[in-house]
Amino acid sequence: MDLPLIPKGVERCSLKTFAPWMFLWLLIMAWGLVSAFLCLYKGLNQTNMNHYFAFGLWIVFDLSVIALGAGAFFTGFLTHIIGKDELKAIINPAVVIGFICYSAAIATLGIDIGQPIRGWFIFWHANIHSMLTEVSFCITAYLGVLTIEYLPLILSNRKLNEVPEFNIFGNNLHHIVALFAAAGTFLSFFHQGSLGGMYGVLFARPFAFREGFLIWPWTFFLFILSSIAAGPSFTLLCVWITQKVTGKELVKRSVFNTLAKISGWLLASYIILKIIDTISWAYGVVPRAGLSFMDFYKGSYGIWLIIAEIGIFGIIPAIILITPKYRERNHLLIIGALMNITGIVLNRFVFTVQTLAIPVMPFDKFMGYLPTWQEWGIMMGAIGYGILLFSLSYRYLPLFPQEPEINPVKVFGHIITDSGVIRRS
Amino acid sequence: MEFNRRNFIKFAVGGTGGILLSPLPWKLIDDIAIWTQNWSWVPVPVRGKFSYLNSVCTLCPGACGIQVRKVGSRAVKIEGRGDYPVNQGGICPLGMAGLQILYNEGIRWKAPMKRVGPRGSQEWKEIPWDEAIDELATRIKGLREKGSPEKLAAIDGNQSRSTMALLIKRLLSSIGSPNYMVMPREEDTYDMVNFLMQGSRGPIAFDLENADFIVSFGCSLFDGWGAPGRMLSASREWVKNKTYLVQIDPRTSNTASKADLWLAPFPGTEAALALGMAHVIIKEKLYSKEFIENHTFGFADWFEEDGVKHKGFSRIVLEKYSPQVVENITGIKGRVIIEVARKFASAHAPIALAGRGKGTLPGSLYEFMAVHALNALKGRVNKKGGPLIADDIPLAQWSDPEYDPVAMDGLKKARVDLAKTPRYPFSRSLVNKFTETINNSHGSPIDTLMLFSANPAFTIPDSQSFIKAMAKIPFIVSFSPFMDETSLMADLILPDHTHLEKMADIVWPTGIQYPLYALSQPVVKPIYRTEHSGDVIISLAKRIGGPVSGSFQWANFEEALKERVKGLYDSGREKVSWADIKENGYWSIPAHSFEGGSDIFQTPSKRFEFFSTEIELAIKAYSKGKSFDDALLDLGISSKGDEVYMPHYEEIKSGADKKEYPLLLFPMELINLASGWIGNPPYLNKTLFDHQLKRDDLFVEVNPKTASQYRLKEGSKAIIRSPKGELRVRIHLFHGAMPDVIFIPFGLGHTAYDKYLKGKGVNPNEIIDQVEDPLSGQPVWWNTRVKLIRI
Amino acid sequence: MKKEDTTKGNRYGMVIDLDKCTGCGVCLIACASENNIPVMYDESDKTRNITWLQIYMVTNGKEFPETEVIYIPRPCMQCDNPPCVPVCPATATDKDPTSGIISQIYTRCIGCRYCMAACPYHARVFNWFDPWFPEGMDRYLSPEVSPRMRGVVEKCSFCHHRLMRAKAKANVEGRRDLKEDEYIPACVEACPTKAITFGDLNNPKHKISELIKSPHAFRLLERLNTEPKVYYISTKNWVRRMADNYLSGEFKDRS
């Protein structure tokens, strides 16, 4: 039924198979919409956030997806600016994933703030000293860039491409894509860094605070590094999952290798810097605040967290991904990428929730926090939206340029290359 | 220009861009952002002219001066009056939250109500005031016609000397009922101590600001005892003057923490501790010889005219209360007792205070006497910085009420609460015995019960028994402005104004060291169809008619009050007028007249009596026709000999078995939790910690050692069971709590009031297993044996 | 970070004498009724209810009968170096250079709560619920302070409207400076033990300037360089030790 929309030279499952798949994610999105309605209509009392946990699950989710969405700008940077042509095979999915991550993050933020109607006050009454202002400006601008990068892809849909204006517009955009890649890189460097700065500048929260050189440029680069280490891994993982779900090879194995290698080396350098950062924090900020290292690892947020973050989900995936022997094995590659992502998500969790959980006043109480179903709903809804959009993009847009080459469509034993869609006569 | 698709797109894009670059959309969105938030449920305070009105807070007998800020006709804020002698600017949390009492629609009766459904069904019918007063008048007339006016009873929570209390009392006696009762309070015990040892009735005042060494035997001085505003103001004087404070308390209360020394004897052994101190003072001859020799009776051994030898107070104390003995009784080290006694004796102006908690509940008579004996040993009575015998406030006396034969017959009948009978000769009223009599009778000896400014169904220890008794009383009339537990069980509601809507007086606020008459004025016009209970009484008396009407010659309450107040400016001691008093909110003589000499003691011996002649007379009278030992047993006194007439230590008995109920339940009063007849306003809930109340769960304080015996952790749920019932609570581990004692706050566990109060926590009064205090018959409310059950 | 000059203008501050404070809660209630603070059904949820001034109960941790209890009333610290102000993306909070008071514009706050994450004193609270006043109680609302809507952050303002009131009065009388007792917040005025002293830290004649010189004066979390303008006084070492984090051996007794 939707055959005219499906790109040339590729095969897609029947609508009967596709529809239930879509329905599943629509259902999850509905959960998100109900949660969003409750949070907007009744207020944020629908969450389990409180005066102590001013930030909760949503901010962890936002920070995580923004880090994971870094695959988009970084792949763009490598492809269009450094000229790593091999990555052209995944630049499209990377852009789509980036768009999904950023739009999901902004939507979640829209629910997260107590006065969504006034969200734009950040721009109207901007406080240039605030890291959040910087982050908001960059994220919004970058989402614009992503939209522009996504647009030619959408316009290359077979049906849309038939409209001459779209065709011309799309083609023109294609020519200046390097410019946007550069803009995206610039904006991303800023906001990934300032996202780290958001916590690093909280000088009255010794757990998050970094001083002098350790805040600028150290923390900024830690966050940039960690995001560009996790981004490619996430892109890799998404593509790999798409391959598993569709049962088709969509990009060449060598592309995965390249992504893993980049991810691994970046992760390795990040972990080294992170360890230096942690040590200098433990011997600098911490004793100056009159605290000892172990004061921060009490209650349910124990020392296991830092061991997990840096050791298990930091050093191990770095080793897996930088060792050619390991990353060439499929299961190790995937485990490595997954662990890498977990480590970075854990890092974002630690900076948000643990920072707030640790009482600073000696007579203050340690608080715990568990999200409500509404909070999970918003997050799951955002994930559902992501999968939905990615599935649609995969089905109707030429996402993987290598796909027709790797999976030639055969009709009666003949390979149909560039001649169009098979019609039953 | 050709209008084609291309141009249209150009136009649209260009136009959109142009508009976006102009400030117009931003301005519009800004407006929308503001406009969409004109939420109807966010209240907008009405503007108006600011004004300030002085008045007096009459929520408790402390009578603190308040200044109310008004906007238009609304009161918006209560502040303490800095120029008011009692509190000098400070007021307590409850007084501060007074507007939440006035304006809380959810807790107030808005008009006279008549019960239409069965009792407790809360089906009410609003009726006109005329009809309401007529109904009560008819009922009382009926009782008088049947010749049984004594079947009318009243329980009054107003301050004993206030015009309101006098008016209610007058109403009952002119009708012919002796059954006028006041809610039990610490003042009752002090009144008896004053009478037995010093020979005058009325309260004892304490010149705390001028004392330099204070031993408080359990008074929560900073937790609401006395006039809270005054006590908190006094505390800053103490810090300045380096006044030494010894606090005796089984728990680290706020007062204990602020004290220079905190002693924690076993609850109920305070008398022994006081006498242990007395032992040291007597043994080391540190007492005031001048005062003991010239102004006391019963200190040394003496012979009666017929040659009978009596042991003196000094001998008994020396024999029976050595530090070692007292250490065994109280758990306080002997050397500490000696040290405190010496410090007390060597101080320039020491004072000893007896009491427990806020002083809203009575204490033990012998214990109070023992503590007061310390003041006498140092000759501190009526001295600067000591306990004072209240000077008279020259209020004019009303003419005596008229009594007709019905009234005179009625007044001769015995009181239902047995107070002032030979069995309980010294107590003014005993609501606990009232309850007991009704519960033990077939039918009810009371036909109509009137309640004023009181909520006994909630505040009386062993409240369940009181509720049972209420169920037996055929007709109950409540004058409460609030939908409290007691008024919800009434048949007729004649709602009074709240404290901010009416004129009321307090004569000599609790514990103040100089004569003061406080007068409150209406701050706002009554907001509902309520009437001043004083006016209602006068109009009720007029409708009852006959001599009752003749005893209430005034047009309204204000007239009656003015007639009393006239005495103040007629006395000539202060040149003031009615207008001055109304304006200032008080009349006062700035300082107590420290008139010394023996004429201050009105006892039979005309001296301060360590040996109370009045007790001797009373016990003699009571033991007529029975053996002396039986008489003592009846009176609940376990000691023998001369000690019976003197301050001594009586072990408080408990009906419950110590093995079965190994722990003690000690109710405590918090300054930021209203536990009297006024329900706790929501703002006070803000001040409670989440280890005191969490959601609807009340926490009790338990020492970690005791808790661990029951495997209870912080926040564990548990049941406290006494022979009277059980309460579900949660545990707060507190090192400051004495082991084996459970501390539970009074004031929560309401079954009435609004949803901000109802159902939060539990009410310890429900399971208090009270025993009678020897001789006085007052309830001992802090000695309930309980067990703790983990759930 | 650049340190700004705090010697100019007025710098209103507070000294709370913890030896005098009995934890009665009047300051909290005075604050609530002065500033139209709403009430919830469940005020025991201290992580969600609204109070500008929170009272902490702290014990010395010793066993019976050596236990001691003190109370720490905690208004907004009105830091000279506020961690909350620079983080606000919408400039909804600012330090007033003429008074040193940290303002909060409720109608501009977008409710991102970044300032709450920044403040280690929990001085800022968020309106998780619609403001609520039990039936009839909206009749005591003061027109001097606007009730806040759901979804915004609010905090102690040192009763800024009282400063405005005092200034207006001084203006009418042709004075430029306020007298020492002319402007005091509701909590200070209400404290029955007079444990709280209020004044201009830049005015050496004000009592507060003398009080903060006491060896027993301290501030909460001084080591974090927030420079609070709310000081505390306690002669008890364990109380002063409780006010900040110390490594073993760092704290010096000053009895």
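Which chain is which? They are A, B and C, in the order written, and residues in each are numbered from 1.
By definition in this document, a residue touches a chain if its C-beta (ideal position, glycine included) is under 8 Å from a C-beta of that chain, and two chains touch if they have at least 3 such contacts.
Computed from a prediction, not measured in an experiment: that's the story for all the values here.
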Most central chain, Cα average position: C
Pair sharing more residue contacts (C-beta pairs) when B-C is set against A-B: B-C
Chain A-chain C separation of Cα centroids, rounded to whole Å: 41
Chain B-chain C separation of Cα centroids, rounded to whole Å: 34
Distance between chain centroids, defined by C-alpha means - chain A, chain B (Å): 65
Set of chain B residues in contact with two or more other chains: 37
Per-residue overlap in chain C, given as positions that touch at least 2 other chains: 45-46, 130, 149-150
Numbers and ranges of chain A residues touching at least 2 other chains: 115, 118, 121, 124
Touching residues (chain side chain C, partner chain B) in the complex: 19-20, 22-26, 28-30, 32-34, 36, 39, 41-46, 49, 51, 55, 57, 59, 61-65, 67-71, 107, 130-131, 133-143, 145-150, 186, 189-195
Chain B contact footprint on chain A (complex, rising order): 115, 117-118, 120-121, 124, 165
Residue ranges of chain A in contact with chain C within the complex: 43-45, 49-55, 112-115, 118-119, 121-122, 124-127, 129-133, 136, 198, 201-206, 287-292, 295, 355-356, 360-364, 367
List of chain B residues in touch with chain A within their complex: 6, 9, 26, 29-30, 32-33, 36-37
Interface residues, chain B side, partner chain C - complex: 34, 37, 39, 41-48, 69, 71, 74-80, 87, 89-93, 96-97, 99-100, 102-106, 222-223, 228-229, 232-233, 235-236, 239, 252, 254-258, 262-264, 527, 671-672, 682-690, 693-695, 703, 734-739, 754-756
